[in-house]
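Read from first to last, the chains carry the letters A, B, C and D; within each, the first residue is number 1.
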Amino acid sequence: MIETNPADALARTCAAAMLERDRMAQSLGITIEEAREGYARVAMTVTPTMINGHDTVHGGVTFTLADTAFAFACNSRNEANVALQASISFTKAGRTGDRLIATAQERFGGKGRTGHYDVDVANQAGEPIAMFRGVCYRISKPVLVDP
Amino acid sequence: MIETNPADALARTCAAAMLERDRMAQSLGITIEEAREGYARVAMTVTPTMINGHDTVHGGVTFTLADTAFAFACNSRNEANVALQASISFTKAGRTGDRLIATAQERFGGKGRTGHYDVDVANQAGEPIAMFRGVCYRISKPVLVDP
Amino acid sequence: MIETNPADALARTCAAAMLERDRMAQSLGITIEEAREGYARVAMTVTPTMINGHDTVHGGVTFTLADTAFAFACNSRNEANVALQASISFTKAGRTGDRLIATAQERFGGKGRTGHYDVDVANQAGEPIAMFRGVCYRISKPVLVDP
Amino acid sequence: MIETNPADALARTCAAAMLERDRMAQSLGITIEEAREGYARVAMTVTPTMINGHDTVHGGVTFTLADTAFAFACNSRNEANVALQASISFTKAGRTGDRLIATAQERFGGKGRTGHYDVDVANQAGEPIAMFRGVCYRISKPVLVDP
(Lines give C-alpha, C1' and ligand atoms only; values in the text may rest on other atoms or scores of the structure.)
Protein backbone atom coordinates (compact mmCIF):
# COMPACT_ATOMS: atom_id res chain seq x y z
CA MET A 1 0.00 0.00 0.00
CA ILE A 2 1.28 3.47 -0.84
CA GLU A 3 0.71 5.84 2.07
CA THR A 4 -0.34 9.12 0.49
CA ASN A 5 -1.36 11.09 3.60
CA PRO A 6 1.65 12.36 5.62
CA ALA A 7 -0.48 12.90 8.77
CA ASP A 8 -1.58 9.26 8.70
CA ALA A 9 1.97 8.07 8.05
CA LEU A 10 3.15 10.06 11.08
CA ALA A 11 0.34 8.53 13.14
CA ARG A 12 1.52 5.05 12.21
CA THR A 13 5.10 5.88 13.17
CA CYS A 14 3.99 7.36 16.51
CA ALA A 15 1.74 4.38 17.37
CA ALA A 16 4.54 1.92 16.57
CA ALA A 17 6.98 3.91 18.74
CA MET A 18 4.46 4.08 21.60
CA LEU A 19 3.83 0.33 21.50
CA GLU A 20 7.55 -0.41 21.40
CA ARG A 21 7.94 1.36 24.78
CA ASP A 22 4.60 0.18 26.24
CA ARG A 23 5.56 -2.83 28.33
CA MET A 24 2.04 -3.29 29.69
CA ALA A 25 0.38 -3.35 26.26
CA GLN A 26 3.07 -5.79 25.09
CA SER A 27 2.49 -8.08 28.05
CA LEU A 28 -1.21 -8.29 27.15
CA GLY A 29 -0.34 -9.07 23.53
CA ILE A 30 -1.94 -5.91 22.17
CA THR A 31 -1.29 -5.28 18.47
CA ILE A 32 -2.00 -2.32 16.21
CA GLU A 33 -4.53 -3.00 13.45
CA GLU A 34 -4.69 0.53 12.09
CA ALA A 35 -3.44 4.00 12.99
CA ARG A 36 -4.38 7.30 11.41
CA GLU A 37 -4.44 10.92 12.53
CA GLY A 38 -6.69 11.02 15.61
CA TYR A 39 -7.57 7.36 15.23
CA ALA A 40 -6.27 3.96 16.35
CA ARG A 41 -7.59 0.40 16.30
CA VAL A 42 -5.87 -2.19 18.48
CA ALA A 43 -6.67 -5.83 19.28
CA MET A 44 -5.94 -8.51 21.85
CA THR A 45 -6.95 -12.11 22.53
CA VAL A 46 -8.23 -12.87 26.04
CA THR A 47 -6.02 -15.40 27.83
CA PRO A 48 -6.74 -17.28 31.10
CA THR A 49 -4.51 -14.85 33.03
CA MET A 50 -6.81 -11.92 32.16
CA ILE A 51 -9.77 -13.25 34.13
CA ASN A 52 -11.31 -11.80 37.32
CA GLY A 53 -13.10 -13.32 40.32
CA HIS A 54 -16.35 -13.81 38.34
CA ASP A 55 -14.58 -15.84 35.59
CA THR A 56 -14.97 -13.07 33.01
CA VAL A 57 -12.44 -10.62 31.55
CA HIS A 58 -11.15 -8.31 34.28
CA GLY A 59 -12.58 -4.82 33.80
CA GLY A 60 -9.03 -3.56 34.15
CA VAL A 61 -7.94 -5.54 31.10
CA THR A 62 -10.75 -4.14 28.98
CA PHE A 63 -9.90 -0.66 30.23
CA THR A 64 -6.20 -1.18 29.45
CA LEU A 65 -7.00 -2.19 25.88
CA ALA A 66 -9.25 0.86 25.41
CA ASP A 67 -6.77 3.18 27.13
CA THR A 68 -4.01 1.93 24.82
CA ALA A 69 -6.10 2.74 21.73
CA PHE A 70 -6.85 6.15 23.27
CA ALA A 71 -3.13 6.78 23.86
CA PHE A 72 -2.18 5.88 20.29
CA ALA A 73 -4.94 8.06 18.83
CA CYS A 74 -4.25 11.13 20.98
CA ASN A 75 -0.48 10.93 20.43
CA SER A 76 -0.86 10.52 16.66
CA ARG A 77 0.37 14.02 15.80
CA ASN A 78 3.77 13.53 17.50
CA GLU A 79 2.72 15.80 20.34
CA ALA A 80 2.71 13.97 23.66
CA ASN A 81 -0.66 13.87 25.43
CA VAL A 82 -1.46 12.35 28.81
CA ALA A 83 -4.82 11.14 30.11
CA LEU A 84 -6.63 13.43 32.54
CA GLN A 85 -9.83 11.45 32.96
CA ALA A 86 -11.63 8.48 31.47
CA SER A 87 -15.01 6.79 31.84
CA ILE A 88 -15.95 3.26 30.86
CA SER A 89 -19.33 1.54 30.57
CA PHE A 90 -19.37 -2.25 30.58
CA THR A 91 -22.03 -3.78 28.36
CA LYS A 92 -21.12 -7.46 27.99
CA ALA A 93 -18.74 -9.80 29.79
CA GLY A 94 -15.75 -10.98 27.74
CA ARG A 95 -14.55 -14.59 28.02
CA THR A 96 -11.28 -16.47 27.59
CA GLY A 97 -10.52 -16.88 23.89
CA ASP A 98 -12.43 -13.76 22.83
CA ARG A 99 -10.71 -11.47 20.37
CA LEU A 100 -11.30 -7.91 21.57
CA ILE A 101 -10.94 -4.93 19.23
CA ALA A 102 -10.76 -1.34 20.53
CA THR A 103 -11.41 1.50 18.11
CA ALA A 104 -10.41 5.01 19.24
CA GLN A 105 -11.66 8.10 17.44
CA GLU A 106 -11.04 11.75 18.23
CA ARG A 107 -14.32 13.53 18.90
CA PHE A 108 -13.00 16.97 19.63
CA GLY A 109 -9.53 18.51 19.65
CA GLY A 110 -7.25 20.86 17.90
CA LYS A 111 -8.04 23.89 20.06
CA GLY A 112 -6.35 24.50 23.37
CA ARG A 113 -4.39 21.75 25.07
CA THR A 114 -7.16 19.23 25.62
CA GLY A 115 -8.89 16.60 23.50
CA HIS A 116 -11.88 14.26 23.78
CA TYR A 117 -11.81 10.70 22.44
CA ASP A 118 -14.30 7.84 22.21
CA VAL A 119 -13.15 4.22 22.25
CA ASP A 120 -15.56 1.37 21.51
CA VAL A 121 -14.55 -2.18 22.43
CA ALA A 122 -16.19 -5.11 20.63
CA ASN A 123 -15.55 -8.86 20.44
CA GLN A 124 -14.91 -11.01 17.37
CA ALA A 125 -18.67 -11.18 16.69
CA GLY A 126 -18.95 -7.40 16.71
CA GLU A 127 -20.85 -7.39 20.02
CA PRO A 128 -20.15 -4.31 22.17
CA ILE A 129 -18.10 -5.15 25.27
CA ALA A 130 -17.43 -1.67 26.57
CA MET A 131 -17.60 2.03 25.71
CA PHE A 132 -14.76 4.27 26.86
CA ARG A 133 -14.47 8.05 26.72
CA GLY A 134 -11.31 9.93 27.63
CA VAL A 135 -10.00 13.47 28.08
CA CYS A 136 -6.33 14.15 27.34
CA TYR A 137 -3.97 17.03 28.01
CA ARG A 138 -1.12 18.01 25.72
CA ILE A 139 2.28 18.35 27.36
CA SER A 140 5.14 20.13 25.61
CA LYS A 141 7.25 17.34 24.20
CA PRO A 142 7.24 15.16 21.09
CA VAL A 143 6.31 11.46 21.04
CA LEU A 144 9.23 10.52 18.81
CA VAL A 145 12.74 11.03 20.14
CA ASP A 146 14.11 11.47 16.65
CA PRO A 147 11.12 12.44 14.55
CA MET B 1 -6.71 -9.96 66.37
CA ILE B 2 -10.13 -11.29 67.34
CA GLU B 3 -12.68 -10.58 64.63
CA THR B 4 -15.82 -9.54 66.47
CA ASN B 5 -17.97 -8.29 63.57
CA PRO B 6 -19.50 -11.13 61.48
CA ALA B 7 -20.13 -8.83 58.49
CA ASP B 8 -16.46 -7.87 58.39
CA ALA B 9 -15.37 -11.50 58.77
CA LEU B 10 -17.59 -12.41 55.80
CA ALA B 11 -16.07 -9.55 53.82
CA ARG B 12 -12.58 -10.92 54.49
CA THR B 13 -13.62 -14.40 53.36
CA CYS B 14 -15.23 -13.04 50.18
CA ALA B 15 -12.23 -10.86 49.28
CA ALA B 16 -9.85 -13.80 49.77
CA ALA B 17 -12.05 -16.03 47.60
CA MET B 18 -12.29 -13.34 44.89
CA LEU B 19 -8.51 -12.85 44.79
CA GLU B 20 -7.93 -16.62 44.63
CA ARG B 21 -9.90 -16.72 41.36
CA ASP B 22 -8.68 -13.35 40.02
CA ARG B 23 -5.83 -14.30 37.70
CA MET B 24 -5.29 -10.73 36.52
CA ALA B 25 -4.97 -9.28 40.02
CA GLN B 26 -2.58 -12.12 40.88
CA SER B 27 -0.44 -11.46 37.82
CA LEU B 28 -0.02 -7.82 38.93
CA GLY B 29 0.94 -8.96 42.43
CA ILE B 30 -2.08 -7.31 44.08
CA THR B 31 -2.50 -8.17 47.77
CA ILE B 32 -5.31 -7.46 50.24
CA GLU B 33 -4.35 -5.13 53.07
CA GLU B 34 -7.79 -4.92 54.67
CA ALA B 35 -11.36 -5.98 53.91
CA ARG B 36 -14.53 -5.00 55.76
CA GLU B 37 -18.20 -4.72 54.87
CA GLY B 38 -18.37 -2.29 51.92
CA TYR B 39 -14.65 -1.59 52.12
CA ALA B 40 -11.40 -2.96 50.74
CA ARG B 41 -7.79 -1.79 50.64
CA VAL B 42 -5.40 -3.47 48.22
CA ALA B 43 -1.79 -2.77 47.26
CA MET B 44 0.71 -3.44 44.49
CA THR B 45 4.30 -2.54 43.64
CA VAL B 46 4.92 -1.08 40.17
CA THR B 47 7.25 -3.27 38.10
CA PRO B 48 8.96 -2.43 34.76
CA THR B 49 6.32 -4.45 32.87
CA MET B 50 3.55 -2.07 34.05
CA ILE B 51 4.89 0.92 32.16
CA ASN B 52 3.32 2.72 29.16
CA GLY B 53 4.76 4.62 26.19
CA HIS B 54 5.48 7.71 28.33
CA ASP B 55 7.60 5.71 30.84
CA THR B 56 5.00 6.06 33.60
CA VAL B 57 2.53 3.54 35.06
CA HIS B 58 0.01 2.52 32.40
CA GLY B 59 -3.38 4.04 33.18
CA GLY B 60 -4.82 0.57 32.69
CA VAL B 61 -2.70 -0.78 35.55
CA THR B 62 -3.84 1.96 37.92
CA PHE B 63 -7.43 1.32 36.82
CA THR B 64 -7.02 -2.44 37.35
CA LEU B 65 -5.78 -1.89 40.91
CA ALA B 66 -8.70 0.44 41.69
CA ASP B 67 -11.21 -1.84 39.98
CA THR B 68 -9.96 -4.78 42.04
CA ALA B 69 -10.49 -2.86 45.29
CA PHE B 70 -13.96 -1.88 44.01
CA ALA B 71 -14.78 -5.52 43.24
CA PHE B 72 -13.71 -6.73 46.67
CA ALA B 73 -15.69 -3.96 48.42
CA CYS B 74 -18.91 -4.40 46.43
CA ASN B 75 -18.83 -8.21 46.76
CA SER B 76 -18.19 -8.07 50.51
CA ARG B 77 -21.70 -9.22 51.50
CA ASN B 78 -21.43 -12.52 49.60
CA GLU B 79 -23.82 -11.21 46.95
CA ALA B 80 -22.20 -11.09 43.53
CA ASN B 81 -22.04 -7.62 41.96
CA VAL B 82 -20.70 -6.69 38.55
CA ALA B 83 -19.41 -3.29 37.38
CA LEU B 84 -21.75 -1.24 35.18
CA GLN B 85 -19.68 1.89 34.83
CA ALA B 86 -16.55 3.48 36.24
CA SER B 87 -14.74 6.81 35.97
CA ILE B 88 -11.13 7.55 36.79
CA SER B 89 -9.24 10.84 37.17
CA PHE B 90 -5.47 10.72 36.93
CA THR B 91 -3.69 13.18 39.21
CA LYS B 92 -0.05 12.10 39.30
CA ALA B 93 2.09 9.75 37.22
CA GLY B 94 3.25 6.61 39.03
CA ARG B 95 6.78 5.27 38.47
CA THR B 96 8.55 1.92 38.57
CA GLY B 97 9.14 0.92 42.19
CA ASP B 98 6.18 2.88 43.55
CA ARG B 99 3.96 1.11 46.06
CA LEU B 100 0.36 1.91 45.10
CA ILE B 101 -2.50 1.52 47.59
CA ALA B 102 -6.15 1.57 46.50
CA THR B 103 -8.83 2.17 49.13
CA ALA B 104 -12.43 1.38 48.16
CA GLN B 105 -15.36 2.65 50.21
CA GLU B 106 -19.08 2.21 49.61
CA ARG B 107 -20.73 5.61 49.22
CA PHE B 108 -24.28 4.46 48.64
CA GLY B 109 -25.93 1.07 48.53
CA GLY B 110 -28.29 -1.24 50.29
CA LYS B 111 -31.40 -0.19 48.36
CA GLY B 112 -32.26 -1.61 44.97
CA ARG B 113 -29.72 -3.60 43.01
CA THR B 114 -27.13 -0.90 42.47
CA GLY B 115 -24.31 0.58 44.53
CA HIS B 116 -21.87 3.48 44.27
CA TYR B 117 -18.23 3.21 45.40
CA ASP B 118 -15.25 5.56 45.59
CA VAL B 119 -11.71 4.27 45.27
CA ASP B 120 -8.71 6.50 45.97
CA VAL B 121 -5.27 5.42 44.78
CA ALA B 122 -2.17 6.82 46.49
CA ASN B 123 1.55 6.05 46.40
CA GLN B 124 3.86 5.14 49.32
CA ALA B 125 4.23 8.84 50.18
CA GLY B 126 0.47 9.27 50.42
CA GLU B 127 0.34 11.36 47.24
CA PRO B 128 -2.88 10.92 45.23
CA ILE B 129 -2.31 9.02 41.98
CA ALA B 130 -5.89 8.56 40.85
CA MET B 131 -9.53 8.82 41.94
CA PHE B 132 -11.95 6.15 40.76
CA ARG B 133 -15.74 6.01 41.12
CA GLY B 134 -17.79 2.97 40.16
CA VAL B 135 -21.40 1.84 39.84
CA CYS B 136 -22.20 -1.84 40.42
CA TYR B 137 -25.21 -4.03 39.77
CA ARG B 138 -26.16 -6.99 41.97
CA ILE B 139 -26.77 -10.26 40.14
CA SER B 140 -28.55 -13.13 41.84
CA LYS B 141 -25.78 -15.44 42.94
CA PRO B 142 -23.43 -15.69 45.92
CA VAL B 143 -19.71 -14.93 45.78
CA LEU B 144 -18.76 -18.00 47.80
CA VAL B 145 -19.51 -21.39 46.29
CA ASP B 146 -19.77 -22.98 49.73
CA PRO B 147 -20.37 -20.06 52.08
CA MET C 1 -46.85 11.38 7.81
CA ILE C 2 -48.23 7.92 8.37
CA GLU C 3 -46.56 6.28 11.35
CA THR C 4 -46.06 2.67 10.37
CA ASN C 5 -43.85 1.44 13.24
CA PRO C 6 -45.84 0.82 16.47
CA ALA C 7 -42.68 0.99 18.63
CA ASP C 8 -41.85 4.43 17.28
CA ALA C 9 -45.45 5.60 17.72
CA LEU C 10 -45.32 4.47 21.36
CA ALA C 11 -42.00 6.33 21.77
CA ARG C 12 -43.63 9.52 20.50
CA THR C 13 -46.54 9.14 22.91
CA CYS C 14 -44.20 8.49 25.84
CA ALA C 15 -41.95 11.46 25.04
CA ALA C 16 -44.95 13.77 24.77
CA ALA C 17 -46.30 12.51 28.11
CA MET C 18 -42.91 12.93 29.78
CA LEU C 19 -42.54 16.51 28.53
CA GLU C 20 -46.06 17.38 29.64
CA ARG C 21 -45.06 16.52 33.24
CA ASP C 22 -41.50 17.85 33.02
CA ARG C 23 -41.75 21.34 34.49
CA MET C 24 -38.00 21.95 34.28
CA ALA C 25 -37.75 21.07 30.59
CA GLN C 26 -40.79 23.27 29.94
CA SER C 27 -39.26 26.20 31.82
CA LEU C 28 -36.18 26.01 29.57
CA GLY C 29 -38.38 25.93 26.47
CA ILE C 30 -37.24 22.43 25.44
CA THR C 31 -39.18 20.95 22.52
CA ILE C 32 -39.23 17.48 20.96
CA GLU C 33 -37.94 17.35 17.39
CA GLU C 34 -38.15 13.58 16.97
CA ALA C 35 -38.80 10.50 19.11
CA ARG C 36 -38.35 6.87 18.16
CA GLU C 37 -37.69 3.64 20.03
CA GLY C 38 -34.45 4.20 21.97
CA TYR C 39 -33.96 7.61 20.39
CA ALA C 40 -34.91 11.23 21.04
CA ARG C 41 -33.88 14.60 19.64
CA VAL C 42 -34.79 17.74 21.57
CA ALA C 43 -33.93 21.40 21.09
CA MET C 44 -33.78 24.67 23.00
CA THR C 45 -32.77 28.28 22.37
CA VAL C 46 -30.31 29.82 24.84
CA THR C 47 -31.80 32.83 26.64
CA PRO C 48 -30.02 35.41 28.83
CA THR C 49 -31.24 33.64 31.98
CA MET C 50 -29.28 30.48 31.09
CA ILE C 51 -25.88 32.12 31.41
CA ASN C 52 -23.19 31.42 34.04
CA GLY C 53 -20.49 33.55 35.68
CA HIS C 54 -18.25 33.36 32.58
CA ASP C 55 -21.01 34.74 30.28
CA THR C 56 -21.47 31.40 28.50
CA VAL C 57 -24.25 28.79 28.74
CA HIS C 58 -24.31 27.30 32.24
CA GLY C 59 -23.00 23.73 32.13
CA GLY C 60 -26.09 22.76 34.09
CA VAL C 61 -28.34 23.99 31.28
CA THR C 62 -26.45 21.98 28.66
CA PHE C 63 -26.61 18.97 30.98
CA THR C 64 -30.35 19.46 31.52
CA LEU C 65 -30.99 19.51 27.77
CA ALA C 66 -28.93 16.33 27.27
CA ASP C 67 -30.48 14.64 30.30
CA THR C 68 -33.96 15.40 28.96
CA ALA C 69 -33.14 13.76 25.62
CA PHE C 70 -31.70 10.80 27.55
CA ALA C 71 -34.89 10.51 29.64
CA PHE C 72 -37.15 10.55 26.58
CA ALA C 73 -35.02 7.95 24.77
CA CYS C 74 -34.72 5.53 27.71
CA ASN C 75 -38.43 5.78 28.57
CA SER C 76 -39.50 5.23 24.96
CA ARG C 77 -40.79 1.68 25.52
CA ASN C 78 -43.33 2.75 28.17
CA GLU C 79 -41.19 1.21 30.89
CA ALA C 80 -40.02 3.79 33.40
CA ASN C 81 -36.26 4.16 33.70
CA VAL C 82 -34.34 6.42 36.05
CA ALA C 83 -30.79 7.76 35.66
CA LEU C 84 -28.10 6.07 37.73
CA GLN C 85 -25.08 7.92 36.42
CA ALA C 86 -24.10 10.35 33.69
CA SER C 87 -20.92 11.91 32.35
CA ILE C 88 -20.58 15.03 30.25
CA SER C 89 -17.63 16.46 28.31
CA PHE C 90 -17.79 20.12 27.35
CA THR C 91 -16.22 20.92 23.99
CA LYS C 92 -17.39 24.44 23.10
CA ALA C 93 -19.03 27.26 25.03
CA GLY C 94 -22.62 28.04 24.02
CA ARG C 95 -23.80 31.64 23.83
CA THR C 96 -27.06 33.54 24.20
CA GLY C 97 -29.16 33.06 21.08
CA ASP C 98 -27.65 29.69 20.18
CA ARG C 99 -30.05 26.94 19.18
CA LEU C 100 -28.89 23.76 20.91
CA ILE C 101 -29.95 20.32 19.69
CA ALA C 102 -29.45 17.19 21.81
CA THR C 103 -29.62 13.80 20.09
CA ALA C 104 -29.97 10.73 22.34
CA GLN C 105 -29.31 7.24 21.04
CA GLU C 106 -29.43 3.93 22.87
CA ARG C 107 -26.04 2.24 22.69
CA PHE C 108 -26.84 -0.88 24.68
CA GLY C 109 -29.96 -2.16 26.36
CA GLY C 110 -32.63 -4.76 26.23
CA LYS C 111 -30.94 -7.19 28.59
CA GLY C 112 -31.22 -6.88 32.34
CA ARG C 113 -32.55 -3.73 33.93
CA THR C 114 -29.89 -1.29 32.77
CA GLY C 115 -29.22 0.65 29.59
CA HIS C 116 -26.46 2.84 28.16
CA TYR C 117 -27.19 5.96 26.08
CA ASP C 118 -25.10 8.55 24.25
CA VAL C 119 -26.34 12.11 23.82
CA ASP C 120 -24.51 14.56 21.56
CA VAL C 121 -25.28 18.27 21.88
CA ALA C 122 -24.59 20.58 18.94
CA ASN C 123 -25.40 24.18 18.09
CA GLN C 124 -27.26 25.56 15.03
CA ALA C 125 -24.03 25.37 12.99
CA GLY C 126 -23.59 21.70 13.83
CA GLU C 127 -20.60 22.41 16.08
CA PRO C 128 -20.30 20.00 19.03
CA ILE C 129 -21.09 21.69 22.36
CA ALA C 130 -21.05 18.67 24.65
CA MET C 131 -21.03 14.87 24.72
CA PHE C 132 -23.13 13.12 27.37
CA ARG C 133 -23.26 9.43 28.27
CA GLY C 134 -25.77 8.00 30.72
CA VAL C 135 -26.63 4.75 32.49
CA CYS C 136 -30.28 4.09 33.36
CA TYR C 137 -32.07 1.58 35.57
CA ARG C 138 -35.54 0.21 34.81
CA ILE C 139 -38.04 0.44 37.64
CA SER C 140 -41.25 -1.58 37.57
CA LYS C 141 -43.87 0.87 36.40
CA PRO C 142 -45.12 2.22 33.08
CA VAL C 143 -44.47 5.74 31.80
CA LEU C 144 -48.04 6.24 30.65
CA VAL C 145 -50.77 6.23 33.27
CA ASP C 146 -53.33 5.06 30.74
CA PRO C 147 -51.29 3.56 27.92
CA MET D 1 -16.46 36.95 62.26
CA ILE D 2 -12.99 38.31 61.56
CA GLU D 3 -11.64 36.89 58.29
CA THR D 4 -7.99 36.17 59.00
CA ASN D 5 -7.05 34.17 55.88
CA PRO D 6 -6.57 36.34 52.75
CA ALA D 7 -6.99 33.34 50.41
CA ASP D 8 -10.38 32.59 51.94
CA ALA D 9 -11.41 36.23 51.79
CA LEU D 10 -10.51 36.28 48.09
CA ALA D 11 -12.54 33.08 47.59
CA ARG D 12 -15.59 34.76 49.14
CA THR D 13 -15.20 37.79 46.90
CA CYS D 14 -14.83 35.61 43.79
CA ALA D 15 -17.84 33.42 44.63
CA ALA D 16 -20.01 36.49 45.23
CA ALA D 17 -18.88 38.00 41.90
CA MET D 18 -19.54 34.74 40.06
CA LEU D 19 -23.06 34.42 41.51
CA GLU D 20 -23.85 38.06 40.65
CA ARG D 21 -23.23 37.23 36.96
CA ASP D 22 -24.70 33.72 37.05
CA ARG D 23 -28.26 34.19 35.80
CA MET D 24 -29.02 30.46 35.83
CA ALA D 25 -27.94 29.96 39.44
CA GLN D 26 -29.96 33.04 40.40
CA SER D 27 -33.07 31.75 38.63
CA LEU D 28 -32.86 28.53 40.68
CA GLY D 29 -32.50 30.54 43.89
CA ILE D 30 -29.01 29.20 44.64
CA THR D 31 -27.28 30.89 47.57
CA ILE D 32 -23.72 30.70 48.90
CA GLU D 33 -23.44 29.20 52.38
CA GLU D 34 -19.66 29.21 52.57
CA ALA D 35 -16.68 29.87 50.29
CA ARG D 36 -13.02 29.22 51.00
CA GLU D 37 -9.93 28.56 48.90
CA GLY D 38 -10.75 25.48 46.80
CA TYR D 39 -14.08 25.02 48.55
CA ALA D 40 -17.69 26.17 48.19
CA ARG D 41 -21.01 25.19 49.74
CA VAL D 42 -24.21 26.33 48.04
CA ALA D 43 -27.88 25.59 48.69
CA MET D 44 -31.26 25.69 46.98
CA THR D 45 -34.85 24.78 47.79
CA VAL D 46 -36.65 22.54 45.28
CA THR D 47 -39.67 24.25 43.76
CA PRO D 48 -42.47 22.71 41.62
CA THR D 49 -40.83 24.06 38.44
CA MET D 50 -37.72 21.93 39.04
CA ILE D 51 -39.53 18.61 38.61
CA ASN D 52 -39.08 16.08 35.78
CA GLY D 53 -41.42 13.57 34.12
CA HIS D 54 -41.15 11.13 37.06
CA ASP D 55 -42.29 13.79 39.60
CA THR D 56 -38.83 14.03 41.20
CA VAL D 57 -36.12 16.69 40.94
CA HIS D 58 -34.84 16.92 37.38
CA GLY D 59 -31.32 15.46 37.20
CA GLY D 60 -30.34 18.62 35.37
CA VAL D 61 -31.30 20.74 38.38
CA THR D 62 -29.22 18.62 40.75
CA PHE D 63 -26.34 18.80 38.27
CA THR D 64 -26.70 22.58 37.97
CA LEU D 65 -26.51 22.99 41.74
CA ALA D 66 -23.41 20.79 41.94
CA ASP D 67 -21.82 22.44 38.90
CA THR D 68 -22.35 25.86 40.48
CA ALA D 69 -20.56 24.77 43.67
CA PHE D 70 -17.78 23.35 41.47
CA ALA D 71 -17.47 26.63 39.57
CA PHE D 72 -17.25 28.71 42.76
CA ALA D 73 -14.63 26.36 44.27
CA CYS D 74 -12.41 26.15 41.18
CA ASN D 75 -12.55 29.91 40.55
CA SER D 76 -11.73 30.73 44.18
CA ARG D 77 -8.17 31.91 43.49
CA ASN D 78 -9.27 34.66 41.07
CA GLU D 79 -7.99 32.61 38.13
CA ALA D 80 -10.77 31.72 35.72
CA ASN D 81 -11.32 27.99 35.23
CA VAL D 82 -13.80 26.31 32.90
CA ALA D 83 -15.26 22.81 33.17
CA LEU D 84 -13.80 20.18 30.84
CA GLN D 85 -15.70 17.16 32.07
CA ALA D 86 -18.02 16.12 34.89
CA SER D 87 -19.62 12.92 36.14
CA ILE D 88 -22.64 12.58 38.40
CA SER D 89 -24.08 9.59 40.25
CA PHE D 90 -27.66 9.83 41.42
CA THR D 91 -28.34 8.08 44.74
CA LYS D 92 -31.75 9.32 45.90
CA ALA D 93 -34.60 11.19 44.27
CA GLY D 94 -35.15 14.72 45.53
CA ARG D 95 -38.70 16.07 46.03
CA THR D 96 -40.45 19.42 45.96
CA GLY D 97 -39.69 21.30 49.17
CA ASP D 98 -36.35 19.60 49.75
CA ARG D 99 -33.45 21.82 50.73
CA LEU D 100 -30.44 20.64 48.73
CA ILE D 101 -26.89 21.49 49.80
CA ALA D 102 -23.91 21.00 47.46
CA THR D 103 -20.42 20.94 48.97
CA ALA D 104 -17.48 21.28 46.57
CA GLN D 105 -13.94 20.42 47.61
CA GLU D 106 -10.75 20.51 45.59
CA ARG D 107 -9.20 17.05 45.48
CA PHE D 108 -6.17 17.85 43.35
CA GLY D 109 -4.83 21.02 41.76
CA GLY D 110 -2.13 23.57 41.90
CA LYS D 111 0.09 21.94 39.28
CA GLY D 112 -0.41 22.45 35.58
CA ARG D 113 -3.62 23.99 34.28
CA THR D 114 -6.10 21.38 35.45
CA GLY D 115 -7.87 20.58 38.69
CA HIS D 116 -10.10 17.83 40.10
CA TYR D 117 -13.05 18.56 42.39
CA ASP D 118 -15.62 16.47 44.25
CA VAL D 119 -19.09 17.82 44.96
CA ASP D 120 -21.49 15.97 47.26
CA VAL D 121 -25.18 16.90 47.21
CA ALA D 122 -27.34 16.12 50.25
CA ASN D 123 -30.85 17.03 51.36
CA GLN D 124 -31.95 18.74 54.59
CA ALA D 125 -31.79 15.38 56.44
CA GLY D 126 -28.20 14.86 55.35
CA GLU D 127 -29.18 12.04 52.97
CA PRO D 128 -26.95 11.81 49.86
CA ILE D 129 -28.79 12.87 46.68
CA ALA D 130 -25.92 12.85 44.23
CA MET D 131 -22.14 12.70 43.93
CA PHE D 132 -20.45 14.88 41.31
CA ARG D 133 -16.82 14.92 40.18
CA GLY D 134 -15.42 17.50 37.80
CA VAL D 135 -12.25 18.35 35.90
CA CYS D 136 -11.48 22.01 35.21
CA TYR D 137 -9.03 23.83 32.96
CA ARG D 138 -7.47 27.17 33.83
CA ILE D 139 -7.76 29.88 31.18
CA SER D 140 -5.61 32.99 31.32
CA LYS D 141 -7.88 35.63 32.79
CA PRO D 142 -8.96 36.71 36.25
CA VAL D 143 -12.42 36.13 37.71
CA LEU D 144 -12.70 39.65 39.11
CA VAL D 145 -12.74 42.52 36.65
CA ASP D 146 -11.27 44.87 39.24
CA PRO D 147 -9.62 42.58 41.77
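Some notes on this structure:
Note that contacts are C-beta pairs under 8 Å (C-beta built on N, C-alpha and C of every residue); 3 or more make two chains touch, one makes a residue touch a chain.
Quick caveat: nothing in here was measured; it's all calculated off a predicted structure.
The greatest centre-to-centre distance from chain C, using averaged C-alpha positions, is reached by B. Looking at which of A-B and A-D shares more C-beta pairs in contact, the answer is the pair A-B.
Remark: chain A and chain D have CA centroids separated by 34 Å (rounded to whole angstrom). The distance from the centre of chain A to the centre of chain B, with each centre set as the mean of the Cα atoms, comes to 23 Å. In chain B, the residues touching two or more other chains are 84-85, 87, 89, 135. The touching residues of chain B, when paired with chain C in their complex, are 84-85, 87, 112-114, 135, 137. Listed in rising order, the residues of chain D touching chain C in the complex are 17-25, 27, 48-55, 58-61, 63-65, 67-68, 71, 75, 80, 82-90, 93, 143. By the touch criterion given at the top, residues 87, 89, 91-92, 107-108, 116, 118, 128, 131, 133, 135 of chain C touch chain A in their complex.
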